[in-house]
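After this come two complexes, each holding subunit A, first together with subunit B and then together with subunit C.
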Partner chain A sequence: MKRSFSILPGFRLASGITLFYLSLLVLIPLCALVWKTTELSPGELFATLTNGRVLASFRVSILTALAAAFINLFLGFVIAWVLVRYPMPMKRLFDAVIDLPFALPTAVAGIVLAALYAPDGWIGSFFTELGIRIAYTPLGIVVALIFIGLPFVVRTVEPVLQDLDRQLEEAAQSLGATPWTIFRRVLFPPLIPALLTGFALAFARGLGEYGSVIFIAGNMPMVSEIVPLLIITKLEQYDYAGATAIGLMMLVVAFIMLLVINMLQAWTRKRTGKL
Partner chain B sequence: MSIEVRNITKAFDDFKALDNVSLNVDDGELVALLGPSGCGKTTLLRMIAGLDFVDDGEVWLNGENVTGKHIKQRGVGFVFQHYALFGHMTVFENVAFGLRVLKRSERPSEGQTRKRVHELLDLVQLDWLSKRFPAQLSGGQRQRVALARALAVEPKFLLLDEPFGALDANVRKELRRWLRRLHDELHVTSIFVTHDQEEAMEVASRIVVMDKGRIEQVGTPEAVYDKPASPFVSSFIGNVNVFHGRLQGETLDTGAWQLPIRPPGSDEAGDDTPFAAYIRPHDFELLKTTDEKLPGCRVKFIQPMGSVYRLEVVPEHAASDGLPNVIDVELPRRDFRALDLAVGERVYLRPTETHWFEAGENIAPQA
Partner chain C sequence: MSLFRKPLLAFSASVLLAAAVAGPAQAEDVSLLNVSYDPTREFYQEYNKEFADWYKAKSGDSVTIEQSHGGAGKQARAVIDGLPADVVTLALAYDISAIGERTGKLPADWQTRLPNNSAPYSSTIVFLVRKGNPKDIQDWDDLVKPGVEVITPNPKTSGGARWNYLAAWSYVLKKELGDLSKLDNPEYADEVKAAEKKATEYVTKLYKNVPILDSGARGSTTTFVKRGLGDVLLAWENEALLAVNKLSKGEFDIVVPSISILAEPPVTVVNGNVENKGAAAVEAAEAYLEYLYSPVAQKLAAKHYYRPVFGHFANKEDLKRFPNVTRVTVQDVFGGWQNAQQTHFNDGGVFDAIYLPQ
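== the complex of A and B ==
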């Protein structure tokens, strides 16, 4: 057998640590989750998951997370574009501000957003005049999730955008392409994998977000109640098995959606000749 | 399809990249812009292309003033040093790009586009790779794709920015000849930038030698090599040994040495006029014995280079300001064999050809 030497030493050690860590931090808790769910009989499990309130909360969680991720995809892209491509006063300051949602305790963000977007808040009162209620509706949830998810898209797209060769544009110009064509056909396609990654991260974060949402959501069952809140509620009622069942379902949903996004990404990579 | 540059000046902040540069390129020529890095050659090329704009001066293409015009309106094809291929498109789509972005009324049909792209890929001998992505090609192949892409829009002028700069030596050599042949076939007025004098000599019909934002000399490869207009050109195009001295009768007195040469047409120049003699390594005759008053040297080092032998010889007398410490000499293999030289032997040098320059301020004062 041929032995190939890698540049970094300690491959075995490193992969051992990786496996150990993944098991300890991810796999074992997940197994416990599954195991706990088996306390319920199949009938009870089915009943728990098809409960109207549970289904409604899933709908709210998935739809708001999707909506927020889509908006972040667009906004994050624009912000990354501006930060990379245009000279701007206090660029570094703006750049640092992007990361604030990462650092801020989510509850603080939630309270601030709730106060701002409440019907009598600074921003909310403006929308109230237009007849739009933001806080205490699913719209409020979307606002909170936009706030939370924005850095993911910006931070994944920014470095790729920075690495784009200026000469690609010049080459396209010399071949007679208009600015819009250059953007659409030359600059945008290489960014798609990064955009998908940012979208997936923002979506995943949105699906599991709790702290910032509960203050602004209003938490009305069937309307603006998110899955994580429902799980907490179940726990407070000492319905541990029910809570884990919902948790497991959530996990399955998240896994499937991330898998789809990952496959989409693999497909775009393959299409662009990157293996 | 001529290119004319009139008194172009361009500065980047405090750095003067181009200083009042004028240049004419005739229809169908293949011209090299040659110079060390930072001499302004790429800047000049980008001005002609319309990728950068002049501070002062004019660019005329085919008798039309295009100074303020965008690259799209100039009808130039541009090839970049690092290819600038579109990584997410196949080779075929890269070449087709220029056709596909044409206005609807001018755009060829899909069938015509296919035909044209395959013709071009045939021309660069890469049709078999049309479905690959740029990342799957070698550097030489990528640059040929880039060339095919530039040619797809039928440019009136082809501008190449160090097209072979990122390739390794063998591929460079091959592509140079190939570019030369391609140009003979297409006759597109072309300018390419290079810092490699050998490349410029081999490919170009005329060479523009640049230094510090100015054009030093324009001429055929032969002219710039044999009749350099300035000390810079002489030393940049090929190797050279520099001797500083003052005229003394029929010799150039370098202090410790008297070289038995005198610049042509210098009859009026009296004794003590300072001159610099630039002598190429292959412009020496080596003698083992002599009756003439020739400077003597010792052979310090012999390096067989294949067809020639490279020798380092050291002047016998104490080093003086006007003499190089080591003189490079190149001998054809046959001459070297006939002389049968060994390291440490005494030889006499007779210059056969010399480039003369009047000693300027940059030349070291005579002791």
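== the complex of A and C ==
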């Protein structure tokens, strides 16, 4: 029996700390969630999860989070591109502004967005003339989630863009590639994993977001109720088991989606030949 | 945090020491936590000072009262989950009963421990409309007219919203039956059934006129007052008076419906928590709630737009702000909060059916 030799010391200590820390902060709370759900019989669990309002709220939550994550994917990429590649006045300031959605209490974001996008708000009144209502509809939820999720894409793509070797682009150019081909064949492939990570983070954040959405959604049953609101609704009736059941379902949905995104990521890494 | 804590501790210890030397031999330092709901903030701020002074003079003990405010349901859950409240002063008896049922920290008959169902002040539900009442809203029937937008929060998540809903329901029953005592009389069973059907139709129409269901009462007030949405806000009388007299003078009018509901926000001692702090704390907590019925506190309640139980203690000018309104009780119409919650607001109840696809 020979222990494999590692050049770095402290593996046991480090892994011990990792396990302990993860258990304390993530695994034990998740187990408690599962445990609480077992208070329901399988029939009750099924009834809770297939209730019309619950299903509708899952549809709203997943679709709005997906829509917002997609929009962030494109706009976040553009912003990261501009920040990295172009000289700009007050670039540092813009760079700092990107992180504000991380720091701002989400309720503040929700209230401000609702005020702006309400039918008589600065932006909302403009859209009202076009016949589009944003605040207090699912569109409002998407707006809030775009705001919340933006930094994720920018911050994951930015460092990768910075590390891209400019010489590759110059080489492609000297070999006669068009700008579009350079973008498609040289620039884009190494960015895919980072883009997917940013997308996954923005999506996951959007799925669980409560504070900002609640102020702008209008919260109409079957139309603009998000899953976290239904959890609060259950808690208001002291139905802890029902609330955890929905929470667990949400966890499963999020886990599956993140798993798919991770697999996509692994696949693109292999294809682009990067480890 | 700890940086601040230590000097503070040292300071309070020295104050304690000084107090122990100077004050009566057995004087104690008691601190109590009052867990309350949102709109009582200003009232209790003032009341706590009054009480501390009075209690110090009476017993020699110094009482410090900490306040916690938030949505009533959320506050009750916090106490259930371990927030060490010594007294609770919440919006609904239902929420306080839930604490008792789930923790055993207060007896089942807690509501009989103080006068008037343990509610030292009361309120009701009124309509707040825009200046001049452009949609001419006078009573509950006007709320279901086409084109009227009503702002009220979601009864599933807001205690205040439940009062609104129950007030609307009571109005229809009273209108259909004339006499609410028919509800308990089996002879009128058919008539009651017909009236309840009418009431269901009414609330269904009412909520079709609600464009936004905020999660709490403060959220709805913001939607109506700040966002400018809706024609009428269903609101606590104390919140409506605050909006009309303080927040935005001259922008809104209050309309008092022909019938509304008697909202009694009850108070009680959480025995299971306060008893751990010793006899002096129990005594102080009990005195704290009893003193709410004193002339000083009743006057304060009226000042902060709550209807005092003993009106004769309040200032005449303050009382003038409360218009006459017939107020029915949850007990009379619904047979208590437990029933109302079960029938109307729990999953699968009357409220849920409003939003089911037909």
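The rule is short, and it goes like this: the second predicted complex is superposed on the first by the 267 of 275 C-alpha atoms of A that agree within 3 Å, B and C clash if a C-alpha of one lies under 4 Å from a C-alpha of the other, contacts with A are read in each partner's own complex, and residues count from 1 in each chain.
Keep this in mind: a residue touches a chain if its C-beta (ideal position, glycine included) is under 8 Å from a C-beta of that chain, and two chains touch if they have at least 3 such contacts.
None of these values were measured; they are calculated from a predicted model.
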| field | Simultaneous placement of subunit C and subunit B on subunit A, clash or fit | value | fit
| task | Applying the touch criterion given at the start, work out whether A:167 contacts subunit B, subunit C, both or neither, answering first, second, both or neither. | result | first
| query | In the superposed arrangement, does A:51 touch subunit B (first), subunit C (second), both or neither? | reply | second
| task | For A:181, select first, second, both or neither according to whether it touches subunit B, subunit C, the two together, or no partner. | result | first
| In the superposition, subunit B vs subunit C on subunit A residues touched | C
| task | Determine, under the contact definition given at the top, whether A:114 touches first (subunit B), second (subunit C), both, or neither. | result | second
| said: Looking at A:91, would you say it contacts subunit B, subunit C, both, or neither? Reply first, second, both or neither. | reply: neither
| subunit B versus subunit C as contact partner of A:236, first or second or both or neither | second
| task | Once the two structures are overlaid on A, work out the angle subunit B-subunit A-subunit C from the Cα centres, in steps of 10 degrees. | result | 150
| Of the partners subunit B and subunit C, which touch A:214 in the superposed model: first, second, both, neither? | second
| request: Could you say whether A:59 touches subunit B, subunit C, both of them, or neither, answering first, second, both or neither? | output: neither
| request: Compute the least Cα distance separating subunit B from subunit C in the superposition and give it as a whole number of Å. | output: 50
| message | By the touch definition above, which subunit A residues appear in both interfaces, subunit B in one complex and subunit C in the other? | response | none
| field | Touching residues on subunit A, where the partner in the complex is subunit B | value | 165, 167-168, 170-178, 181, 185-186, 189-190, 271-274
| Touching residues (chain side subunit A, partner subunit C) in the complex | 51-53, 111, 114-115, 118-121, 136, 214-215, 218-222, 229, 232-239, 242
| said: Help me check something: in the complex, which residues belonging to subunit B touch subunit A? | reply: 49, 51, 70-72, 76-78, 80, 82, 84-88, 90, 97-98, 101-102, 132-136, 146, 149-150, 152-153
| subunit A contact footprint on subunit C (complex, rising order) | 73, 77, 80, 98, 102, 154, 156-157, 211-215, 219, 222, 226-229, 341, 345-347, 352, 355-357
